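Working notes, beginning with the structure itself.
Going by the order they are written in, the chains are A, B, C and D; count residues from 1 in each one.
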Amino acid sequence: MTTRRVGLWLIGACGGVGATAALGLAALSRGVSDSTSLVTALPLFEPLSLDEPTQFVVGGHEIRRAGFRQTVRELQKRSNIFEPAIADACQEDLERWESNLRPGILLGSGSTIARLADRSDLPNSDTARSAIERIQNDLRDFRERNKLEQVVVVNVSSTEAPFEIGPIHESLERLTPALERRPPPLPTSSLYAWAALDLGLPYINFTPSLGASLPALVELAQQRRTVLGGQDGKTGETLMKSVLAPMFVRRNWQLLSWVGHNIFGNRDGQVLDDPANKASKIRTKDQVISSIVGYKPQTLVSIEYIDSLDDWKTAWNHIHFKGFLGTKMTLQFIWQGCDSILAGPLVLDLARLALFSQRRGEVGVLRHLACFFKNPMGVQEHDFFKQFAMLEEYVEEYVTQC
Amino acid sequence: MTTRRVGLWLIGACGGVGATAALGLAALSRGVSDSTSLVTALPLFEPLSLDEPTQFVVGGHEIRRAGFRQTVRELQKRSNIFEPAIADACQEDLERWESNLRPGILLGSGSTIARLADRSDLPNSDTARSAIERIQNDLRDFRERNKLEQVVVVNVSSTEAPFEIGPIHESLERLTPALERRPPPLPTSSLYAWAALDLGLPYINFTPSLGASLPALVELAQQRRTVLGGQDGKTGETLMKSVLAPMFVRRNWQLLSWVGHNIFGNRDGQVLDDPANKASKIRTKDQVISSIVGYKPQTLVSIEYIDSLDDWKTAWNHIHFKGFLGTKMTLQFIWQGCDSILAGPLVLDLARLALFSQRRGEVGVLRHLACFFKNPMGVQEHDFFKQFAMLEEYVEEYVTQC
Amino acid sequence: MTTRRVGLWLIGACGGVGATAALGLAALSRGVSDSTSLVTALPLFEPLSLDEPTQFVVGGHEIRRAGFRQTVRELQKRSNIFEPAIADACQEDLERWESNLRPGILLGSGSTIARLADRSDLPNSDTARSAIERIQNDLRDFRERNKLEQVVVVNVSSTEAPFEIGPIHESLERLTPALERRPPPLPTSSLYAWAALDLGLPYINFTPSLGASLPALVELAQQRRTVLGGQDGKTGETLMKSVLAPMFVRRNWQLLSWVGHNIFGNRDGQVLDDPANKASKIRTKDQVISSIVGYKPQTLVSIEYIDSLDDWKTAWNHIHFKGFLGTKMTLQFIWQGCDSILAGPLVLDLARLALFSQRRGEVGVLRHLACFFKNPMGVQEHDFFKQFAMLEEYVEEYVTQC
Amino acid sequence: MTTRRVGLWLIGACGGVGATAALGLAALSRGVSDSTSLVTALPLFEPLSLDEPTQFVVGGHEIRRAGFRQTVRELQKRSNIFEPAIADACQEDLERWESNLRPGILLGSGSTIARLADRSDLPNSDTARSAIERIQNDLRDFRERNKLEQVVVVNVSSTEAPFEIGPIHESLERLTPALERRPPPLPTSSLYAWAALDLGLPYINFTPSLGASLPALVELAQQRRTVLGGQDGKTGETLMKSVLAPMFVRRNWQLLSWVGHNIFGNRDGQVLDDPANKASKIRTKDQVISSIVGYKPQTLVSIEYIDSLDDWKTAWNHIHFKGFLGTKMTLQFIWQGCDSILAGPLVLDLARLALFSQRRGEVGVLRHLACFFKNPMGVQEHDFFKQFAMLEEYVEEYVTQC
């Protein structure tokens, strides 16, 4: 029996996704919920002996005052999820983990996200360098106080506005000196990524924000011999696209248009109501189809904030295609899923797999995690089943090696 | 340039599927339509040098007076498909092929199908043996008069009632003598299958009827060194099931229930309005999901005849599943496809691939055709992408051998 | 300020509808919920000074052991409705009202309903007469012990199989002597109706069961100077039909077909899984459209039990219609509603309005309640807006008289 | 038997709506189509003896080269509507009516609409005054050459950008002198309206463009003793809203949000792709719900151009509402209608009713036409059934007077 303890450090810890991941770890540890929806609970992964829920300690950065328990309560009340029995049984764990929460940074986050911040103790970093140091102090402290063998950092915070990278972001050599500059040369998400990778911690970007998706940070990961993955968790509509588009290819149907309208009402939705932040999201959602089919049908993706839906995202997709002898036909789907419930378990899957890879001594981008992301780092493949096959091959290779 | 000529013999030739296959061959030959929706037109199949549309001659059995042209006209008028330009350009081919039509047999077809028969020249076979001989005469005559190197027989007729097979159907030795008995020991579809296989012709069963799906007929195919495949073309709702169910497996979501309601208004629908005939169809549609996920969620499949829809089939599917921490979520899809347009090209794909296999000297059940069928002979796999991978492997093996 | 106290006696009290009605009364009385969805809370009804929730006492017959609190708990747990805060605040009321529950009768209910019975104290009436007397004793006892000025009886029990009425049911004179016969000349629902009307109590049939829908019972109501109404509460799909069909009439579009598939998973669904019981329901659901449009488009209604849906009913409707110059077009809707939540408030509306009518001295069938029912007694009109106008006129007439 | 001849003058004559109206008149006259979808063919209108299709002559203004026949052919080919038999039978009428087409004006139309113009003979009016005179010459010429007793002018052209009216538009006295100014004080649609009303012709605005919706033009209609109506034909999604929203009121359900996404691919869609033009449309679509329910639920309306859909508009609406005890429920609908087919017959209805009103000597805004419009002039009522009741009352009053 192992007694290793590992840490899951969440950036934007007390959003719906982070709180659900934390609650899930607690619920699985206490046996009050089963492992449905945890990909790494599939028999496929047994040979990997991934870290068990009981081995995890949770901490994180947060710019709001809310703790895990408050978010869980809000999700219960507003979105009608989490049976009282599950939430009640886990209050103690959530409370304990709340003591691991630290104030996040706002430097480079943009005004829409900054408006969410309501903690009085938010640090006022004025350079990227000082912000990174502050983050690293928090991470080191978490690791030491909890006697953790490994810590994985996962970004589950709100989506930033798109950030254009330039020549300066191409190498560590050019980017490092710029960390002293004002304004900072990186958005908030990338400061966290830098902090984590620089400490040799695995880093996963579950959001469409920039995070570690720039050459200089991949270089940093390699230098520090750690692993990274991202970006933007594939939870609902885009998952469906990556499942259905391959069917059209194999049946040689011609896609004419693919329209996707998404409505939802959680905090992520509020942030996405800012057109700048929304642009990041739509960008990653909209490339999947043409990438799979090899041509560019007309596509349309909208994401709109509808308050009454809370954490429930409804996606309507209208797919128009041409079949034999020029006949046009239609497939529509309506997806009604709960965002946190969909994303939470994937965060745990990614954390477990990243910790495993780092333990094995892998370095750099974890390409085999592509099936978890809308915009997988280092991978052009968007076909969900081909992506999943990459994960299967990874496991098989490991098994063969052992 | 090849000058081989091959024959496509359709059982139930002038139904929507048969007429669309015939029209499609003509349209492709004349270049008035492109190859959208023809799976075998994908680049994957180029190395196989399959028979081109121009090489095909069409004939078939039919129990109704309607010819290809009348069915095409009806589909145009009632279902609003086939642009006049396409149909007009192909009249001559269709007319020529109509001269290859022969009266079908009713022996063993059941009363609902028999009610459709309106030809005055239908033969009155009284034993299976005599019916088979009659069919074989027609097939030989077709081959000789048209100087065809190969003929493939495809069943596209209306769905029969389920037929329970017993010990007598286990071997040729036991079944052959029974061909003289009254009532016949086989349903109509199997008499056609016998006739084709016994002549060494490839046989494809595109319907849920029994056809060649009994041990004695597989044995006959092996004796006569020919190939066979089936059963029940996977065109719409079931295709979707075989595409979506694997997603639920890989995401470790638990299917709670999967409800599918199908409405359509073509002749197949009229036949399926007879509960006996419908039972065959629902049986093959309903096994796909549990076979893929490995357990039995509650499933419901209905097929109903709605006159106004003509050849357009609308399928509504409601998929209820359990995600993380016990939360139930929903996926619904609405498929609006034209049955003949979906099925017609698959008939051509299957004909081309079966002729190819026979030419190569393969014998027995063509397992690599599984992705085309709701209930693939000799294959337990229902996951569409795994089935398609079998087809890809088949081509790759061939390419490697060459 | 009034101090009148009135009783609501529910037949099948602790099913989802009854329990929701009881919880609703308690929640409104205690001010822990607002009056959304209560039709009689609309400003229109202010002049009527209907009985307030605080004036009601609840009781009822039940054949199962479950009380109001258990059903409320089950609905919370299985169907995810009723916020804990609301249910908790009302426990005391529900407990007090449970002491007013009495064992129901099974005589004439059919085997599917009888299978639900699990109380050990169910009376074993052997004739209609003795069953009626037993019910009347319970009703009198309820009224006296609670000092109620009026008691309204509402049938919210499971749907019975259709019961064909004959000449014997045409008059009290012929039916009364038959009450001694075995088997009884009436189904269970009608025994309750007889009992109520014979005591001069208002009776409302919220189900498709026979209840008071026979001439002899209407005659009884008139003799005893009381009122009655029914039948089959119009809560979801049928409400939509009665709202949408009038649009097709006014736009002169021709309905070609109207297909409605309903899936749900509550106890009512289990009972409706028996084809005999289902027949009653489909009959009342299927007449609405042709009655409104004046001709008979092809219609199809299915109701299927899907366990995972619990009390949530999903209805998919596919409406195919012909517009200008013969063009066919389609409207589809998907209704996702919670059965008890939809029905519960209507029970309260009907109880309030029936008590009011009786107080005013009205006698016989309450035709102005048509908008509440799928199959309104004494009214041919199914257009929801015309039905609602009847209710508005009723109120206006009253106001004018005052 | 009457031998009166009347004229229908269409602005934007050869768009889908205009061409369908013209084809419809011809088809009805020749008896090759029935009157389905013509509201004025309902028995209700019999007493009015409205002008019959055979009495109509069609003409109009158009800025494109296309004639009725070309548009009809395009709609046949691209959108798969109009059976060849109907279109063929009417070629002669359409050709004859094409000789009544005159070049439209571009003054004040905005660049998006101007880009559609491809006629070489478009007049180059430089003031509103000169444009109006030109239009009036065309109208007079049409009336005289065809010996028409009455001419009704209907605007079915593409939607203009919103035009803000100011104090100058409040009276004829202030607006008339401004007609000489550059830029003109009115958008194109209002120049046509002025021209028609000033000649004493009835004017109907079937679009969301300004048209006659300003006090000065209502004043002009009154001076010239003619009638006018508008604006923006209620054909699909908005019709549904005006039918469904009243249900929510009467059942006392609280609307939380109403989201409507519209996709379609005709020329109107291309014009609406310009955000300025789209703004006019969304404005009239978005007010209906809050006007009916009396409060402001969150609403969202999108209209997007999807090329492959041609004239078929698909609208998905997601309606989220609160029922009893705070439970949220959902209604979704999907409307798949053909724009021209929906709008064309309403143009004929409005023309017939406007001609009738003028004949009777009515003057000013025709309020009883509210049920035909998204944004009815002079009427606050948006409830479709109440609007239709206004039309019924109009007819009843007439019948009573006779």
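Methods note: a contact is a pair of C-beta atoms (placed from the backbone, for glycine too) under 8 Å apart; a residue touches a chain by one contact, two chains touch by 3 or more.
Bear in mind that the values here come from a model prediction, so they are computed numbers and not experimental data.
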Interface residue identity across copies subunit C, subunit D - same or different by half: same
Pair with more cross-chain C-beta pairs in contact, given A-C and A-D: A-D
Whole-Å separation of chain centres (CA-atom averages), subunit A against subunit D: 50
Approximate Å spacing (C-alpha centroids) for the pair subunit C, subunit D: 45
Sites on subunit C at which at least two other chains make contact: 80, 83, 332, 334
Contact graph of the chains (line, ring, star, complete, other): complete
Of all residues in subunit C, those that touch subunit A in their complex: 77, 80, 83-84, 334
Contact set on subunit D toward subunit A in their complex: 256-257, 259, 261, 263, 298, 300, 302, 304, 306-309, 314, 316, 318, 320, 328, 332, 334
Subunit A-facing residues of subunit B, complex: 20, 23-24, 27, 33, 35-39, 41-42, 81-83, 86, 239-240, 243-244, 246-247, 250-254, 322-327, 329-338, 341-342, 344-345, 371, 384-385, 388
